[in-house]
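When the chains are written out, they are named A, B, C, D, E and F in that same order, and each has its own residue count from 1.
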Amino acid sequence: MPTVRVTRRVHFSAAHRLHNPALSAEENERIFGLCNSPNWHGHNYELDVTVEGTPDPVTGYVVDLGHVRAAAEAVIGDLDHRNLNVDVPWLQGILPSTENLVVAIWDRLAPSIPSGRLARLVLWETPRNSAEYSGE
Amino acid sequence: MPTVRVTRRVHFSAAHRLHNPALSAEENERIFGLCNSPNWHGHNYELDVTVEGTPDPVTGYVVDLGHVRAAAEAVIGDLDHRNLNVDVPWLQGILPSTENLVVAIWDRLAPSIPSGRLARLVLWETPRNSAEYSGE
Amino acid sequence: MPTVRVTRRVHFSAAHRLHNPALSAEENERIFGLCNSPNWHGHNYELDVTVEGTPDPVTGYVVDLGHVRAAAEAVIGDLDHRNLNVDVPWLQGILPSTENLVVAIWDRLAPSIPSGRLARLVLWETPRNSAEYSGE
Amino acid sequence: MPTVRVTRRVHFSAAHRLHNPALSAEENERIFGLCNSPNWHGHNYELDVTVEGTPDPVTGYVVDLGHVRAAAEAVIGDLDHRNLNVDVPWLQGILPSTENLVVAIWDRLAPSIPSGRLARLVLWETPRNSAEYSGE
Amino acid sequence: MPTVRVTRRVHFSAAHRLHNPALSAEENERIFGLCNSPNWHGHNYELDVTVEGTPDPVTGYVVDLGHVRAAAEAVIGDLDHRNLNVDVPWLQGILPSTENLVVAIWDRLAPSIPSGRLARLVLWETPRNSAEYSGE
Amino acid sequence: MPTVRVTRRVHFSAAHRLHNPALSAEENERIFGLCNSPNWHGHNYELDVTVEGTPDPVTGYVVDLGHVRAAAEAVIGDLDHRNLNVDVPWLQGILPSTENLVVAIWDRLAPSIPSGRLARLVLWETPRNSAEYSGE
């Protein structure tokens, strides 16, 4: 039986700031530069959700991508048009770098994939910057 | 000797319908929703063909991508501007989900790669949905 | 007061066939080639809807693009996952070339733009082919 | 002598919020929905700057696009990684809709185009939403 | 009768150098910078060819875009995988800026558009730089 | 601790020619076709640089992508607006196929990645052709 990976792209827009409260203002600015700008900035994020499995002989689906979209939108609905540092209970205490965000989204999304298994997330902060996580 | 993967993108436009004749009309509509629409719908498909190997010391090529393009177009020439449920002998009996299509294209294309080995196919049904297969 | 044009992109997937029933089968094939393929083919269409007007001093909007999206989706909801030659009452008797489609969508959409005026539609049949109409 | 339009794309990332302080909280939420979210959200903006003129017989340029890029980046440098409601002196009192932003950027950028004349700005808030202004 | 604009995108890859032989080496380097690099550089060019007219009642076409593609490829076939300063007889004496190229391509292409009239060319030197010409 | 891959895209434009001086002119033309055109052609290259590692608990970064961009631009600065066959000391004797280029860039770039480890390079010669290398 072939193993196939299917991917659905979803998107959200959010504000954030890279700032570690354990560091001084000077250290934050030195490390994060413009990304530490005090009154926030923001991005159009794109998230590629990849699920791996064997196509079902009856449906031809590894998983219904409409269900993957719904599961992903349930998670990113908490992020869309929000402030990632302030508004999201499950991001409290997490510095919202793309790396930390993609891991946090994985932990939230993986249990709700209805069939197959979550195999890869790619989170695009801009069309030229991304972070990829495969659960390990 | 380095192992390099080279990729060529090709495209085709086709009609299809997700419908399993072993199921009732109601079950088909419940499972496939709009994709079961009786008079077909269609997509602009993009296919990324990846071949892996060692660059030839004389040519610098893993494989001439012009030959990969020709091999891929020989296969998708059967699909382009066709109905994937009706017109293609080698898709008879296959429910044309993106997953099943990418596996069927692999089986058809792999033997005609002139050098290196077919390593990955990614078939895009839309810019936001795709299926990826690596031959196993 | 400045005049600004705002644009919202929406998409749909549909099957069609270029075929003029007033012509012979041979003439149809000669004129339309693969696009005349008897069992249909299809595309992922993208539609750029542009509305022109003066930004409202209270909202900063020429028009709420969420309302433009809703108006456009009410029209293309008749086309999405459908057969443009067969399934759409308001396309009966219209040969579904990109040119004819963009004019038909204009006639259907223009009256439902809630503020400003519909200024331009661009309908993409593929990422390399499009038709543009400005209502005249 | 031919008239040619040349375009350079530049980008910036910023936070904002659609909120009119002359309206009640309820009216703001009703009109702007998620875009009124109190703790800001943000976007990757792309700005297409188009300059029109006659190519110089010596250089072949309507304008050196490197100079256009520099002029545009001098303006959007005030916006990049900033909060459009709070941080930008020349946006004070302006509700930062895409429409209002593109007009404000025009007023700021037009005088610094070194040759030719600014003919069109297109400001993309997302890949599916944009506002276009031609100075009138 | 509606007036519709149809567009077909074609592409070519070429080497060039911005250099005016009437200027000194120092002036060339000051004006053109890296684009004056002596041993050439190059680009993947994209050309958007727009033809305007009334859709034919029999075919639904302003013009068969397959014919537009063929006409455009006959012209850019002289440019593809060539050196724009050296290899192209009809570019002799023309400094190959994007502005001058789009005008030269217009003059070459306009007479061979089989129906409708050539309305606009957009020549992309990179995804962020382009020149647009409408024949006047 | 999670392992995350971060990617930054950078670009350059260059001229090249596929030509093996150990072969006859006829063999070169037979093997490389238009890519052997004597007076060079060129491309807009895009390079995706992927670094793998564990996010730093203090910064949330696998690596500061600004530093990755700087390291990559230090390498491709030798290639940008240059002739890959002629101008680049570290490409001497290397036939500039996409495969050979991506390996040469890897060897040059890997030692200068400031944290994490270089995990993958994808070099796009055009939007439809690429070569990918993971260091082995």
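Annotations
Methods note: contacts are C-beta pairs under 8 Å (C-beta built on N, C-alpha and C of every residue); 3 or more make two chains touch, one makes a residue touch a chain.
Note that the structure is predicted; figures quoted are calculated from it, not measured.
Taking the definition of touch as given, a chain qualifies here only if it contacts subunit B and subunit F alike; those chains are A. For subunit E, the chain whose average C-alpha position is most distant is A. Placing every chain at the mean of its C-alpha atoms, the farthest one from subunit C is found to be F.
Subunit A and subunit B touch with mostly distinct residues; of the residue numbers seen at this interface, under half occur in both copies.
Rounded to whole angstrom units, the spacing between the C-alpha centres of subunit A and subunit F is 28.
One inter-chain figure worth recording: subunit C and subunit F are separated by 41 Å, centre to centre, where each centre is the mean of the chain's CA atoms. Contact of a single residue of subunit C with at least two other chains is seen at positions 127. Listed by chain label, the pairs that touch are A-B, A-D, A-F, B-C, B-F, C-D, C-E, D-E, E-F. Put simply, subunit F touches subunit B in their complex at residues 18, 20, 22-23, 31-33, 94-100, 102-103, 127-136.
Interface residues of subunit A facing subunit B in the complex, by the touch rule stated above, are 2-10, 50, 55, 58-62, 64-66. On subunit E, the positions that touch subunit F within their shared complex are 11, 13-16, 34-35, 37, 39-44, 80-83, 86-87, 126-127.
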